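Same chain, two partners: chain A is paired with chain B first, then with chain C.
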Partner chain A sequence: MLDLILQALYSGVLQGGSYALIALGLALVFGTMKVINLAHGEFVLLAAYMAHTVEAKLGLSPVLAIPVALVLVCLCAVVVYFLISLIRKDRELNSLILTYGVGIILTNAVLLIWSADVRSTSSAWMQDAFVVGPFYSMRSELLFFAVSIVLMGALWWWLSRSWYGRAVRAVSSNRDAAKLMGINPRATEIVSFVVAGILAAFAGVAIFSYGVIQPAFGHVLTVKAFIITVLAGIGSIPGVLVGALLLGVAEALTVTLASSALQELAGMALFLMVLFVMPNGLFGAAGRRG
Partner chain B sequence: MKMSRTGLALIAAAYIAVPLLLGSNNYVMSLVVAAMIIGGIALAWALLGNLGGMVSFGHSAFFGVGAYVSALLTMKAGVPVLAAMLLGGAGAVLASLVMLPVLRLKGPYFALAILAYAHIFKIIATEWSSVTGGSAGLASVPRFPELMGFDFSGKIGSYLIILTVLLAFVAAYRAIRASHYGIALRAMHDSEDATRVVGVNSTLLKAVMLFVSAFMTGVVGAFNVHYINFLEPDYAFSGLWVTLPIVAAIFGGYRTIVGPLAGAVTVYLVDQLVFKNLIPSGHQLILGALLVAMIIFSPGGLIPLLRKGFGRKHAAA
Partner chain C sequence: MDCNCIIRSKLGLAALALSLTAGVASAEELLVGAEIPLTGSLARVGAGMNEGISVAVEVFNKTNGKHTIKVITADDESAPAKAIAAVEKLAGQGVVAITGGYGSNNIGPASDAANKLGLPYITSGGVDDSLTERGIKTFFRINNTAGYRKAMVGLLDDMKVKSASVIYSTKEATADLAKDVQKELAAKGMTVGMHAFDPAITDFKPIINKIRLQDKSEVILMAGYENDYVGILRAAKVLKPDVKAMIGVWSLATPKMVADFPDLMPSVYGTALLPFPAEFKTADGKLFADTYKKLYNKEPDYLGQFGYVQSMILFEAIARAADKGTLKKGGVVQELARTDRETLIGRVQFNDKGDNVNFVHRMGQHQNGKIAIVWPSDAATGKMSFPGVPW
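For the complex of A and B:
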């Protein structure tokens, strides 16, 4: 039994890596624009389907889909940014409905192009077992966990050291003051959208490489990413990482101890508990409550 | 409350002319009833958005809970169908009680939290199979009864029931909007903080609007289950019960009462008769595009846009 639980913890942590990438993108855009991009999960899905196409049509490893996915997803992100910037009033709520509409468009486009079938990788290398001591995982899981750790490190470096990264943080914390410091908030917003797209592209390829995808999955990912940002609290990158790992572990434990059908319920339970007990999240400052 | 002559004439036409003219065509009647079901949810959604200032992506939860409560009450407890429909609405209100902590969250957080809730109810309906029949669903849910010698289980009877339900909703909506709660709600829309300062319990008012909206959606869900006599989790909690009403309400104008209803009839009929023939699977793509276009070009809906157009014409003449 203990073995099983330890194994579930391990798998959950590995899964948490991709979750963190997705949630960080959502949080980044929310930070600069105060907009929750409900189509964010669909960005991830799009990247996942690109990986599927590269593997099924060209017979290449899904990893090689990353450049294509990056271009496509970043393009989508920029388009969504421009659509949002066209909103004239009540941007906070109207942007929700708008991105919800974009999500519908993308989900149905995926449905039209790739049909409703469930897809997963057929690459033997990706699915091969990789055993570390008592722990078992697929190679792809470990590979993409490493990739997500590297990406998060890069993101942390970018946000704390580079000019644009610091501009993103400045706009997030005080838009007007950032303007006074000579930061162009619009450029910063585009940058945050593109960075979110980059993270989503990697996460999408990762999810295809070790899991199964289907058109309705984008929506589920958006909800997961949102739950993680609630767990984390606003404006905390380590918080997002911890939240993502928590969600991954909670889901893996539920699958091991109860049933896989209840997997999503685990995230919800976690989410409700945090809302009741710590409404500002595990690491967040005040500001979410009305 | 004054009712205009055109309003009365429209109601009379809806009760008498529609069944007489279209009643013989089962296909047309089923399209009309389905459009009215979407209209009911759209109205409930718009009420929450307009009066409560909240955007919900989780109305499928209320729709599904209302359907399940009503279906189970009639099948297991022998409650009469029409009473069970109202209890279905009450069930949806109970479901919305769970969402109360979310009300303290600001706009985008509320919208997403309620979306997350909709998933919970779907999972419960699927997993609690001893009561709900699980993913296989419930078959042969009781139909509408025969009352005063008229069989309400047919297309015309169902049409008359949903029409009455919708009119009751419209009357309730108007009453709320005209009451002093309506004034407080409108003030809240301008500035929630300022409204709180003058002594309005804004959280309570928002909660009441959530209850009203949930009740309406639950009743519509209950109507739908007795109308189609079948229920399964994927259908009851389908995202369709969110997408179509939102598109309808935004298209018609969610700040008006007629807008969501007119929007539902237009959007649903065009979707079924035109879009579905163009793209059999994935025709919602066009709905999504419509939603995006509406938000960018006319977030107030088509009715204000038309009015503006007419206004310009008058000014020119």
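For the complex of A and C:
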């Protein structure tokens, strides 16, 4: 039984790292602009399909697709930002409808270009087992868990130490006051969208490397990212990591100790329980550090 | 010109006009609706079935000589409400019957809507028993859970194993199949471990680990879809449970899986109508395969075969009803009910619930980049490689 629980914890932590990578971009835009980008999952999916194209057409490792995915996804992110910036009234609500529509367009574009077949990496190196004692994983899971931690650290540093990062936080706190301090809110918001695009690009390549993708997968990713963002507390980067790890571990333990059919239910129960006890999320409001 | 001559020429013209009119009537284009998921979560399987329907149209129009079929396709977006809307839209366009449908939860409401509109509905995309238990007289299905169960249990009988773990999606069709298989295996005295999973799951390692350390079964049965199989087989390759075989159902023993996931497939079993590369022995089979390759430039798969068979049966029933002049008097339903025909999936006859009473699937095994039929023995094209797993 101990072996089972240890493996469940390990799998849960790795899965949590993957969830965190997906949720980071959404959390950043949500935290800074109060805009819920419902096309975020499709951005991740787009990057995953770029990784598939690079592997299938050029015979290269999916990791080498990151530069191409970065360009494409950041471009999409900028386009979505410009569409959102055209909204004159009730931006928070209307942007929901807008990004939902963009998500549908992207899903169907993926369907048209890459067809509905399921895709995943064929790289043996990515899929090979990495075993340490009772802990089993694929190499790609471990690799992208490390990438996820590094990106989170970098984002946290950028938001708290760099001028642009501070500008993003200033605009999110008080747009008018930020303007008085000489910050251009539009430029700052574009930057946050581009950073979200960068994170989505990494997440997409990661998913393709250890999971399975198909065109309808985008909205599943968005929902998962949204749950983690709210669980974390709006705008909190450490909260995203903690929330994602909690979710991953709760799901894996549910599979091991109860039934795998209850995995999603356990995740939602955790989500509701945390919100019931801490309405602002784990690191929201007073507890926010990021 | 005398009077008789004028009368004869007028009669001749009238006869010519009548024959032309009759000709137009007998060669009329008959409209059939195809309600299929071309987008959404079922787009992949929907597209496969759609290919089979297109092949059936091509073959029927080329071989029938008297009637031509035109199919109007409506995308149901993999959603029940959209499936109803698609059927209603097709009815509005004047179709005489519906072919298609995928997923029991979409087929149920769609075929209900078709029934209310008086349209026959034929499918191969939903195996849930509740579909045929409704007593709808306009509903017909060429495959069912029982046919898949018989194939899986038959293979396990041949393997002479004593224990199995079943990993199954909580979706209706897969859950029903898994429970049916469990019941039959338990009745035979086998130990069966059941592991349901939510369709949203992506990491199967905790499940495989439970099988490895707790169940310690001889074989793993998988009831899911392509993405699930890839996840399960990947997890199994990492954890290497001590099992003798990995056995799935639909969407697994296919040329697509051979091409896309060659490293995961060796020795894996799945339901398969034909070996790969396909060997068609009948004239109907060869015509289907040639037309499929001409239209799509690839080897036909099981989705195409099922879509082809259901549509050909429907088109032939429509043609017979048109010949008898009962097309708009419920004739298509009557003709479908009378179907008794050898097809690519075996003999098709419907019971009073619209289910194909003869349906029994076959089991294929991935062997050296090919698929051999290994069960039943009278249809086998290769010997079962047992024990054998992809790692």
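We adopt the following convention: the second predicted complex is superposed on the first by the 275 of 290 C-alpha atoms of A that agree within 3 Å, B and C clash if a C-alpha of one lies under 4 Å from a C-alpha of the other, contacts with A are read in each partner's own complex, and residues count from 1 in each chain.
Keep in mind that, in the parts below, a contact is a pair of C-beta atoms (placed from the backbone, for glycine too) under 8 Å apart; a residue touches a chain by one contact, two chains touch by 3 or more.
All of these numbers come straight from a predicted model, not from anything done at the bench.
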Clash or fit (per the criteria above) of chain B with chain C on chain A: clash
Partner chain in contact with A:127 - chain B first, chain C second, else both or neither: second
Touched partner set for A:52, first chain B, second chain C, both or neither: neither
Partner chain(s) touched by A:116 [first = chain B, second = chain C, both, neither]: both
First (chain B), second (chain C), both or neither touched by A:276: first
Partner chain(s) touched by A:227 [first = chain B, second = chain C, both, neither]: first
Touching partner for A:211 - first (chain B), second (chain C), both, neither: second
Contacts of A:268 with chain B and chain C, given as first, second, both or neither: first
Contacts of A:92 with chain B and chain C, given as first, second, both or neither: first
Touched partner set for A:103, first chain B, second chain C, both or neither: first
When both partners are placed on the shared chain, which of chain B and chain C touches more of chain A: B
From 23-31, 59-67 or 257-265, the chain B stretch with C-alpha clashes against chain C: 23-31
Overlap of chain C and chain B interfaces on chain A (superposed complexes): 107-108, 111, 116, 216, 220, 259, 261-262, 264-265
Partner chain A, residues of chain B touching it in the complex: 55, 57, 101-102, 104-109, 111-113, 115-117, 119-120, 123, 126-127, 192, 239, 243, 246-247, 250, 279, 281-285, 287-292, 295-296, 299
List of chain A residues in touch with chain C within their complex: 3-4, 7-8, 11, 14-15, 107-108, 111, 115-120, 122, 124, 127, 129, 136-138, 211-212, 214-216, 220, 252, 255-256, 259-265
In the complex with chain A, residue positions of chain C that touch it: 39-41, 43-44, 46-47, 78, 170, 195-198, 200-203, 205-207, 209-210, 213-214, 226-227, 230-231, 234, 237-240, 256, 260-263
Sites on chain A touched by chain B in the complex: 30, 34-36, 38, 83, 86-90, 92-94, 96-98, 100-105, 107-109, 111-112, 116, 216, 219-220, 222-223, 226-227, 230, 259, 261-262, 264-265, 268, 271-272, 275-276, 279, 288-290
